[in-house]
Amino acid sequence: MSSIITIRNLKKHYPIFGGVFKRRVASVKAVDGVSLNIFKGETFGLVGESGCGKTTLGKTILRLLKPDAGNIFFDVPESIINEVIELERTNPKSKRLKLLRSQYDIATFSGERLLRLRRRMQIVYQDPTTSLDPRMLVKDIVAEPLVAQGIAKGEEARKLVVDILKKVGLGEQHLYRFPHEFSGGQRQRIAIARALVCRPEFVVLDEPTSSVDVSVRAQLLNLFKDLQKELNLTYMFISHDLSIVECISDRVAIMYLGKINELAPTYKIFKNPMHPYSQALIASVPIPDPKKRKERAPLTGEVPSPVNPPAGCRFHPRCPLVMDVCRKEEPQLFEVEKDHYVACFAVAKR
Amino acid sequence: MDLSAKWKELKVSWQPRIKEWKFMLKRIRESPLALIGIAIIIGFVIIACLAPVLAPPQAGWDPFMLRPDKDLAILTPDPTPPTTRHIFGTTAEKFDIYYGCIWGTINAFRVGLIVVAIALVIGVVLGTVAAYYGGLIDEILMRFTDIIIALPGLVLAMALVIAFPTTIPLNITLIILVVSAVLSIYFAAFKPQRKYLLPNQIILLISLFLYLTNPIVIGLNMSKLDKVLISLAIVGWPGYARLIRGEVLRVKNEDYVEAAKASGCSDLRIIIKHILPNTVYPLLIVVTLDIGSIVLTAAALSFLGIGADPNFADWGNIISMSRTWISSPELLVRHYYTFLIPGIFISLFVLGWNLLGDALRDILDPMIRRR
Amino acid sequence: MTEDSLVAVKNLVVKFYTYAGVVEALDGVNLKIRPGEILGLVGETGCGKSVTSFSILQLVPPPGRIEEGEIYLNVGGKTLDIRSLPKDAIRQIRGKDIAMIFQEPRAYLNPVYTVETQIGEALLTHRKNEFLQKAIEALEKAGKKSSFEKRVYERMLKKPKSLVTKIMAKFCRKKTLMKEVHKEVVELLRSVEIADPERVAKMYPFELSGGMAQRAVIAMALSCQPLMLIADEPTTNLDVTVQAQILNLVRELRKTFKSSILYITHDLGVIAELCDRVAVMYAGNVVESADVYELFEAPLHPYTKALLESIPKPGEEFKSIPGTVPSLINPPKGCRFHDRCQYEMDVCRKIKPEFIEVKKDHFVACHLYGGSK
Amino acid sequence: MTSLPAYIARRLILLIFVILGVSLLIFAITTLIPIEIRAMLYVRNVQHTSPQQLIEIAKKRGLDRPIHEQFFAWLSEVLQGNLGFSKFSQQPVADAILERWPYTFEIVLFAAPLIIFIGIFLGVQAAIHKDGLIDHACRVLSIIGWSLPSFWLGLLLLSVFSGYLHWVSPGPLDTNLLQFRNNPDSGFVRHTKIDLFDGLLNGRPDITLNVIQHAILPVIVIVTINVALLIRVMRSSMLEALNKPYTVAARAKGLDDKTVIYKHARRNALIPVVTLSGMLVAGLLGGLVITETVFGFGGLGQWAANAALQLDVPAVLGYALLSAFLFVIANLIVDILYAYIDPRIRLV
């Protein structure tokens, strides 16, 4: 399977200004060294608690945010990726590396080149009430990517818009309405139509179902699945709701404080979570069946601030298996079994 | 596409907007204060439109210039109380107060609308740029508005009106130089296509050369009223710039702006299509209220004797003539008509706009709108 | 029906008069909470769960109004009709007999006062005399038998309404009283498992994390040992791991405080984990209520069934309820669920089904089970 | 992430910057005036001076030098405490300001607290009785007050109370008392230069009462015109606070309405009002130009208006500088009050 997205050691820090002269005094380390790849046609689930940097990661991959370090490759042959990684390790100042990066690494892109990328990767936001411009009609909202990128306009754009609206379960009769005239689920469909109208290959779904009700949620999830088959899409599905991720993703990564703790195919990670955090997280999800009610010792404490994350393994202050080494060194992701990656010293020792 | 289809498309696409406006109108109709405000404003519009009929100017005269009634001039140096000939009386200079009040209405609209328009354009452009790009531009602009806002508006307007020379030397080469310099920065930094950069650079160099060797300067003659207008606009724009900046900062962080970025929109498109339409309502409120308050400030300047020319048809001007009797209030009582009636005109005019603006604030409140 | 219950809500109708139209938020809600039980109230956004809970405390925000219905509270062998009580009497119930915790704890704490001030306020509202007594005892122990402070406290105990007392109280610094209150606040914070209660007591809400703030709000709610606790989605905005902590805490506290709990949530998982009985709401009605095991095992109402089926299960197709939640301005006539219901009959479109007991302790409002009688 | 001292330090730096900017701005404005007109200030008898002579004088005084040189020359004078000489009032600018500020102070002393208290009180009442009689009355009256031209309201009050009813004469004091006060032989010592206090200090409460009597009309004008904005802002911010979740929580605790409104809602609602009050009080100076002129109060505003009419550059500059300085001080006080009310600023 070939990957469509490969990111290496990606970092995104938000500055915090303070002091008399409003200088940068600290930074929120939202994404702090993340490496992963997403295969063509799969649904990649990204799970984590609020503030762990999952949304930032998604937006940085789309280059809606400028990363502070790292590489992002979108649909680049593996040989080139390998060459870049090799050069960065051996000869980080070489001209060849610079050339390769400016050509392939979208972390370095800007202006026109970024614009051309926009039609190939898109995003669906969490809350359609805020992600749809309240002062625009549905037809203008959905046609926006076409018009802005000069793909189509006028009658042609209109045809494409109607076409995609039908695909998401809306129709021509909805063209001349404002977003606030729709229900939450329908609004999210409009947002999906906007994301898909220029036929992207890769879509980031940023908690797309968390603002809709349980009864409507399943409709949207089915729509995502159908569209994926029909349009050959690759999804990055960001969510804090593990039960949904378990049902929709092919592979899952669990994030904690800007880092990935565990990455594996869905069935493996839910059957056999290895990282102590993943174990606690999965155990914390309430099961909707009173017969499976059980007493469990929840994780103590709360997620520390990403401004000053704990040294060593970021999970160590809450970890039941903490060892000396966890306080000093940062564990790296390693392959425990086939396709199952974990960043934990305790697991490594086993 | 044939015309009728286009027309149909236009009609359909405007229907939802018209529906919105109808909803707004319904809310206005439900608010008695707004209705009173609108009625007052419409009343003044009618007076302004019918001015040539209500108070016919003499042929061959500028209708805005007051003329002393020569028949009265010899009789007494005092103002004349209301008579059938001068129903509101005359001022000490024998200017007909009725005539001044009627033609002053046009002047009030002119002052309010022009000043707000100039201040609004400057404020919107600078405020948007500052908020959208942030950083140094923002810092400089905001500190500049700090400075202007630190001075009481009337004091600054006074200083400006007095200091403005009657003829402003306008250095055209300098203006071209500045504009092309700004544009070249814009093209170099933000615009993806740089094809305009070279011609712009050439213009820049030519104008720089001309500026240093042989600048073209034209003198711009300004009447006293023009000075008042410009001064009030200078005093007024920082308020708009700040308001717009705040609004843009709020809207800029909305998801739909980021979504537009993800859709591949350019900065300009995002600003024009997404950000500005979403800042319209707060602006509408402030503009409405400001038309009133600017007319007030202009009247205050006229009252102090530094507004429009003394024989210009302006409400504040007529009242300013009663400044002479301040130290002897008995005379004020005797000549009450010289300030009472023009003052009612000013108050009602301002009240109309304030009532409308205040009602709009409730109607356009995002909390109640549509919910 | 009211005898065995602590709180009983009968046929409650609440409407919101908005500019867009009249929102029929509650359309005859029936509910009862027995002493000591945890009743889960489950439903989707806008179905009226929160409005129900606010109605019980007479706190429906404007432009909402309670139009019809009765709310009974059984306390100390007496049955109080909350709707007909005077304002002062309702204030005595709020916080003392029925306390409340909320979805966004940080928003429900006043940003300009410390945690201690806000919890202390609840204590001094309902348990003032107790603390005055304690303060007097403390002063006596310290040997200040005739101090001004003590005299003020004694006056406040005996003649709390007199003007002189009020003026004296204004001028007294009430140090001992505040010390007693502080002790109790710290005790309360400790009981909700806050690690460093002394420090947290002095903190402002914005300094607390979400989980910590929720604990503080729970401490505040429990300060007067209420008979009933209304928990309005208290864990919705919290992370799963913190949610698990709070759920554990609620379970523990129920054992120690013996309060009944009305637990409002949209998460069926939480209901299954925590509750004894469940009431399901849809578009302003309670459509079904039953024991939690029975409801999950054998749901009767088509909506409950569909809701349980829409829980995603790995490896299975997602099942959804067709259509969308109706707007409550002009809601569907008859049964409000009829246009999304697969068992829809003619009668459903015309007549609103009654809420009746089908089996022991299992109530349903549906024409399939004879709701039309 | 800014501590309070750092916050205040930052504000202070900005404020110094604002004062500098204001002086630069005002200075730039004055350079718009042709030098021969500015030179008139240095001439005793303008009628008998030819334009050539005026230009020569201007050159001698350095008025033709580059703007920045003139500015720095003026600035260094200011830093030494020398604000220049006001030609039209025939005295140094600093002296002129010192002589006239007590009259302005007397008005502000009454007007500012009245505006703030009435504004907050009526704003809270309007919010509590939203859509009730008090709310509508407050609204209509405040909009009307806001729409009145201050000079017109002043003229009306003056003609009614001074001209018709003869309750009070224009000016800061009755003429006989003014003469008495200014007479060096009367034994009246001007300790503070503020008649309001001096009257008491000299055992002449009649002077103090007379000052208050004379201040009533200008204070009415200023309060009427300025209080509207404060009422509106207080009302809407109070309404917002009353709809906040924490007010619901306070009610759910069983607190009575009074505690909920005055302890929980009002404290939060005051935060935006504090800013506005600061701006209002600082901005009163502008309003006083008109009011003092109408009532012949002889304070700073009237002086500045006359200076402006006579193109007295140093005087206008001095006045502008003073008002900017007061604005800055008001802002600083607002910042400190802010920190007092809102712990989020104090502790973040």
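Points to keep in mind about this one:
In this document, chain identifiers A, B, C and D correspond to the written order of the chains, with residue numbering beginning at 1 in each.
In the analysis below, a contact is a pair of C-beta atoms (placed from the backbone, for glycine too) under 8 Å apart; a residue touches a chain by one contact, two chains touch by 3 or more.
What you see is a predicted model, and the numbers here were worked out from it, not measured in a lab.
By the document's definition of touch, common neighbours of subunit B and subunit C comprise A, D.
Ranked by how far their CA centres sit from the centre of subunit B, the chains are topped by C. More C-beta pairs in contact connect the chains of B-D than those of the other pair, out of B-D and C-D.
The geometric centre of subunit B is 25 Å away from that of subunit D, both derived from CA atoms. For this pair, subunit A with subunit D, the centres built from the Cα atoms lie 56 Å apart. Spacing of subunit C relative to subunit D, judged by their CA centroids, is 52 angstrom. Rounded to whole angstrom units, the spacing between the C-alpha centres of subunit A and subunit C is 36.
Residue ranges of subunit A in contact with subunit B, taken from their complex: 59, 62, 64, 111-112, 115, 118-119, 122-123, 125-127, 130-137, 139, 144-145, 148-149, 154-155, 176-178, 180-181, 191, 194, 198. Residues 44-45, 209, 211-212, 239-245, 247-248, 266-273, 292-293, 296, 306-308, 310-322, 324-325 of subunit C are the ones that touch subunit A when the two sit in their complex. Chain contact summary for the complex, subunit B toward subunit A: residues 1, 12-13, 15-16, 20, 192-193, 254-256, 258-266, 269, 273-274, 277-278, 370. Looking at the complex, you find that subunit B touches subunit D at residues 33, 143-144, 146-148, 150-156, 158-160, 162-165, 292, 296, 299-300, 303-306, 316, 319, 322-323, 326-327, 329-333, 336, 339-340, 343, 346-347, 350-351, 354-355, 358. Contacts from subunit D toward subunit C in the complex involve residues 243-246, 248-256, 259, 264, 267-268, 341-344, 347-348.
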